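These are the structures in question, set out in turn.
Both complexes shown next keep chain A, but they swap its partner, so chain B is in the first and chain C is in the second.
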Partner chain A sequence: MRVRIEGGEVTEVALDIYEPPRFFEAFLRGRDFAEAIDITSRICGICPVAYQMSAVTAMESLCGVEVGGQLRALRRLLYCGEWIESHALHVFMLHAPDFLGYAGAVEMAREHPAIVADALKLKKAGNEVMRVVGGREVHPINLRVGGLHRVPRKAELATLVEGLKRAREIALGAVTLTATLDFPDYEQDFELVALSAPGEYPIDRGRVVSDAGLDIAAADYMTHFVESHVPWSHALHSQRTNGSTYVVGPLARFATSYDELTALAREAAAGVGLRSPEHNPFRSIVVRCVELVHAVDEALALIAAYEEPDAPAIEVTPRAGVGHGVSEAPRGLLYHRYEIDAEGTILDAVIVPPTSQNQTAIEADLRGVIERSLELPDAELSIRCEQTIRNYDPCISCATHFLKLDIERV
Partner chain B sequence: MSAAARRRPKLAVWKFSSCDGCQLSLLDCEDELLTLAGEVEIAYFPEATSATVAGPYDLSLVEGSITTAADRERIQKVRRVSRRLVTIGACATAGGIQALRNFADVDDFIALVYAQPEYISTLATSTPICEHVAVDFELHGCPIDKRQLLEVIGAQLAGRRPQIATTSVCMECKRRGTVCVTVARGTPCLGPVTHAGCGAICPSYNRGCYGCFGPMETPNVGALTRQMRGLDATETVIDHLFHTFNASAEPFAGAGSHGD
Partner chain C sequence: MKLIGVGNRWRGDDGAGLLVAAAVGARRPAGVEVVEHAGEPIELIEACDGAAAVWIVDAVCSGGTPGTVYRIDAAAGPLPSALFAVSTHALGLADAIELARALGRLPAQVSVYGIEASRFEPGEPPSPPVALAAEQLADALVEELARCALAG
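Let's turn to the complex of A and B:
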C-alpha cells in the first residue's frame, strides 16, 4: 500500500491487491450451466457457499425456477453455517486480536484461553453445519441446480443442535465482549447497500436496496453499479454509476434489515447500546457478533422446523437467456450474471465480489483514518491501516497480515 | 521465550495463487489447533498471525500455484529457507483450476476479464510447485482433507513417511458401504481414477466423484473413459470431468478428447 502525505494532507492512497488473476469469468465460458456452482466456489475458500448460492440462484432464475420450501430452508441453513464459520474466524482470529494488541488468536489464547477456546467452538458449530448439510467445510459438494444432491435426514440435523445451542451462548457473550473494545472515533457516510426480502434477514436472496432509497431487482444491478480497473490493483473497483462510493457487508445489512434480526439478536444489540444504522466501520466487529447470534438462532429454528422433502431437487431444463444471482456473503453482497444458450452452455459470466465493491470505500477510509492519525509513527500507522482494512473482512488474501506500508512524507 | 519453546520446530505457511481454502483447513482443525500451536512454533502464517519469526523453517506448507514472474522467484526463496517443503492442495500440486489457462491463450483470458489488459502481469501458465523446486511431499485435494493435513504435519515433524493412502476413491466408497453411483444409477464418476483422501463424500451424497483430489497412482483413465461413453456420457461431459480442478495433472490432462 502506498501513501503520500504532503504538508499534513494525504494526497494519495493506493491499495494494491497482489492476488494474481485467475480468470474465472474467462474459463467459465463453454462450461455447462450446472458446473458454475462448483467452479465459482473455488474463488474463495472462506465463503464458497456464497459463490455457490449466487451462481445457482442466477441459473435457476434464468430457467424460470424458484426453489422454495424445505429445499430452500436447507440452503439457508448451509449459508448460516458459512456465516458462523466465517464471522467467527474473522472476529476472533483477525479482528479482535487487532483491537487487543495480539498478533493472532494463538497469541491471544496464551492470556485469554477461555475466550479463544469458546471462539473455536463457535467456529466449529458453523463448520459442522456445512459438513452435515454440504458434505464438507471447504467447497461443499451438495448444491445443485434445482435443489440439492441429497437431503439430510432429520436425525442428521439433530446432531447439530447441541453444538449450536452452546454456540448461541458464546455468540451472545461475544457481542458483550466486543462492545467493550476501544473504537477509534471515525464515521463515514457512504451509501449502505444490501439485499432485502420481506420477513427475513438478507442471506440467500432479495432485492438490492440502500439506506439512500435504492430499491432494484438483481437484474438491474449493472445499470446502477459499475466496476472499473485501476492501474495499481488486480482487484476491480466498484462504484455507483453516478460515481459515488458505497459499502456492502454487515453495516449495510444491519442498517437496512435491522427489524428482521431475530428478537434475541436485536436484544443483544440493544443491550450493548448498538443502534441501527451504525456508521463507524470499526464497530463492524460488534455487528458481526450480532449477526452471529442471528445466524445461530436462525439455524436452530430451521432445524426445528425441518421436514424431509420428498425429492432432493426439482427438474430444471436450460433455456437461452441471461440470469442474475445475488446473495449476501458474510463480507457483503455478491453478484453473478450469466448468459447461457438453449443447451445450457455458458456464453458469458460476470462476477462482482464484495471486496471489489468495498475497495473504493476502503481506500477512502484509509485516507480518513490516516489524516486523523498523522502524528503516529509509521509502524503504528501501519497497524491502524491494517485494522481499517480488516473492518471490511475482505476476502482473506487481502484481509490477512500482509500490509507493507510505503509512506512518503513530503 | 523459554529454552523449551525455542526448541519447537518452526512451521511456515505460504500462499501462492489460490483460494486460501487449504490453509483455512489448518484453522478448521478447531479441536487440535491450540495443541498444534503448543507442539510447533507457528513462525510464519499470515492468515493466522502477524507475528513472524525469521527462517529457516523446519516445515513449510505451500498453498497455491505459480502464475506470476514474481512468484516464480519467491518460491525459490521459500525453498531455500525450508528444511522440508510440503505442497497442499490442487493448486500447489497440479496448478489448480486456474491451470485451465494452460489450454487457452492467456491474452484472450486477460482481455475477457480486465478492461485494461496492460495493467495485468501474469504468466501464460499456472504450474505446480514441483515444476519449480524440490518438494518433499504432496498432499492432494481441492480442498485438502484436514485429518490428512494433521497426519502429514505430524509425520514430517517425526521424520517418518505420512500414512496417506494412494488408492482410489472407489476404495473409500467400498469401505464406507456406499452404493456405487455408476452401477446403481449410471452416473459418470471419477472415483475409479481419483486419489483417495476425501472419504468418498460425493457418492455418499448421490453424485459422482468430480476428481478434486486429482489422479491416483497409475489410474486407468482410458478404461474409465470407455466406461463413461458406454453410459452415454457426451464427450463434453467427459472432457469437463477430467479438465476442471486438476486439469493440468497427467493423465487427466491428456484424457477425453485431449487424448484422442
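Let's turn to the complex of A and C:
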C-alpha cells in the first residue's frame, strides 16, 4: 500500500492487490450450465457455498425454475453452516487478534486459550452442517441445478442439534466479548447495499436494496453498479454507476434487515447497545457475532422444521437466455450473470464478488483512518491499516500480516 | 497411539499420507488407531485429542527429490516453513500444530513425516518414487509403532 502525506494531509492512498487475475469468467465460457456451481465454488475456500448459490440461482432463474420448500430450506441451512464457519474464522482468528494486539490466532491462543477453544467449537458446528448437508466441510459437493444431489435423513440433521446449541451459547458470549473491544473513533457515510427478502434475513436470495432507497431486482444490478480497473491494483473496483461509493457486508445487512434477525440475535445486539444502522466499520466484528447468533438460531429452526423431500432435485431443462443470481456471502453481496445457449453451453459469465465491491470503500476508509492517526509511527500505522482492511473480511486478509506500507511524508 | 495420514487421494502425490495410513492400517498394528484425514486444521486438532503419541504423515513440496522422507519432532518446536509453507488462502498442518500447542492440546509426542511430492494433477495416481517412498515408510512405521507399543 502506498500512502503520500503532504503537510499533514493525505494526498494519495493506493492499495495494490498484486494477486494475479484468475480468469474464472473466461474459462467458464464453453462449459455446461450445470458445471458453473462447482467451478465457481473454487474461487473461495472460505465461502464456496456463496459462489455455488449465486451460480445455481442464476441458472435456475434463467431456466424458469424456482427451487422452494424443503430443498430451499436445505440450501439455506448449508449457507448458515458457511456463515458460521466463515464468521467464526474471521472474528476469532483474524479480527480479534488485531484488536487485542496479537500477531495472530496462535499468539492469542497462548494467553486466551478458552476464547480460542470456544471459537474452534463454534467453527466446528459450522463444519458439521457443511459436512452433513454439503457432503464435506470445505468445498461442498452436494448442490446441483434443480436442488441437491442427495437429501439428508432427518436423523442425520438431528446429530447437528447438540453442537449448534452449544454454538449458540458461544455466539451469544462472543457478542458480549467483542462489544467490549476498543474501537477507533471512525464513522463512514457510504451507501449500504444488501439483499432484502420479506420475512427473512438476507442470505440466499432477495432484491438488491440500500439504506438510500435503492430497490431493484437482481436482473438490474449491472445498470446500477459498475466494476472498473484502476491502474494501481489487480483487484477490480466497484462503484454505483453515478460514481458514488457503497459498502456490502454485515453492516449493510444489519442496516437494511435488522428487523429480520431472530429475536435472540436482536436481543443480543440490544444488550450491548448495538443499534441499526451502525456506521463504524470497526464495529463490524460485533455485527458479525450478532449474525453468528442468527445463523445458528436459524439453522436450529430449519432442522426442527425439516421434512424429507420426495426427490432431491427437480428437472431443469436449459434454454437460451441471460440469468442473474445474487446471494449474501458472509462478506457481502455476490452477483453472478450468465448467458447460455439452448443446449446449456455458457457463452458469457460475469462474477462480482463482495471484496471488489468494497474495494473503493476500503481505500476511502484507509484515507480517513490515516488522516486521524498521522501522529502514529509507521509500524503502528501499518497495523491500524491492516485492521481497517480486515473490517471488510476480504479474501486478501487470509494472510495475517500481508501489508507492506510505504509512507512518503513530505 | 494414533497414526494420521493427511492428504487428498484424488490429487496425485498429495495422497501420499493416505497411502501410508492405508498400508499401516491394513496390518492392524496393536494399540494404534489409524486415521485418514483431509487436513482441515480444526478437525486435525480434534483428531489428536486424547492420544499420548501421534504420528502424522503428509506430502510436502519443498523442491527436494521426489520420494525423499523428512522426519520432524513437532513436540520440540514448530514445523520448518521450508517444508510446510504457510498459505495465504488457508490454514495448514503447521498452523494446526501451533494452535494445538498454544491451546495445550498437542500430544506429548508428535512425529511428523513429510514425503516430498512432485505432481498434483487431479485424478492422477501418485508418481512411482512417491508410491515407493510411501510403501517403505509404512513398513518402517509398522516397526516403530510396534516398538513403541512394547515400550508402553
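By definition in this document, the second predicted complex is superposed on the first by the 405 of 410 C-alpha atoms of A that agree within 3 Å, B and C clash if a C-alpha of one lies under 4 Å from a C-alpha of the other, contacts with A are read in each partner's own complex, and residues count from 1 in each chain.
Methods note: a residue touches a chain if its C-beta (ideal position, glycine included) is under 8 Å from a C-beta of that chain, and two chains touch if they have at least 3 such contacts.
Here the structure is a predicted model, which is why all the values come from computation and not from measurement.
Superposition of the two structures on chain A leads chain B and chain C into a clash. With both structures placed on the common chain, the touch criterion links A:25 to chain B but leaves chain C unconnected.
With both complexes superposed, B is the one of chain B and chain C in contact with more chain A residues. Contacts of A:39 after superposition on the shared chain: chain B is touched, whereas chain C is not. In the superposition on chain A, contact of A:267 is made with neither chain B nor chain C.
In the overlay built on the shared chain, the residue A:124 is in contact with chain B and with chain C. Of the two partner chains placed by superposition, A:169 touches none, neither chain B nor chain C. Common to the chain B and chain C contact sets on chain A are residues 45, 93, 105-107, 109, 113, 116-117, 120, 123-124, 127, 136-138, 395, 402.
By the touch criterion given at the top, residues 45, 93, 105-107, 109-110, 113, 116-117, 120, 123-124, 127, 136-138, 395, 398-399, 402 of chain A touch chain C in their complex.
For chain B in complex with chain A, the residues that touch the partner chain are 15-25, 27-28, 30-31, 33-34, 37, 42, 45-51, 67-68, 71, 96-98, 100-101, 104, 106, 108-110, 112-116, 119-120, 122, 126, 142-143, 146, 198, 201-202, 204-207, 210, 212, 236-237, 240, 244-245. For chain A in complex with chain B, the residues that touch the partner chain are 19-27, 29, 31-32, 35, 38-39, 42-46, 48, 89, 93, 103-107, 109, 113, 116-117, 120-121, 123-124, 127, 135-139, 141-142, 144, 149-150, 228-231, 234, 236, 312, 386, 395-397, 400-402. Within the complex formed with chain A, the chain C residues making contact are 38, 40, 42-43, 45-46, 86-91, 95, 98-99, 101-104.
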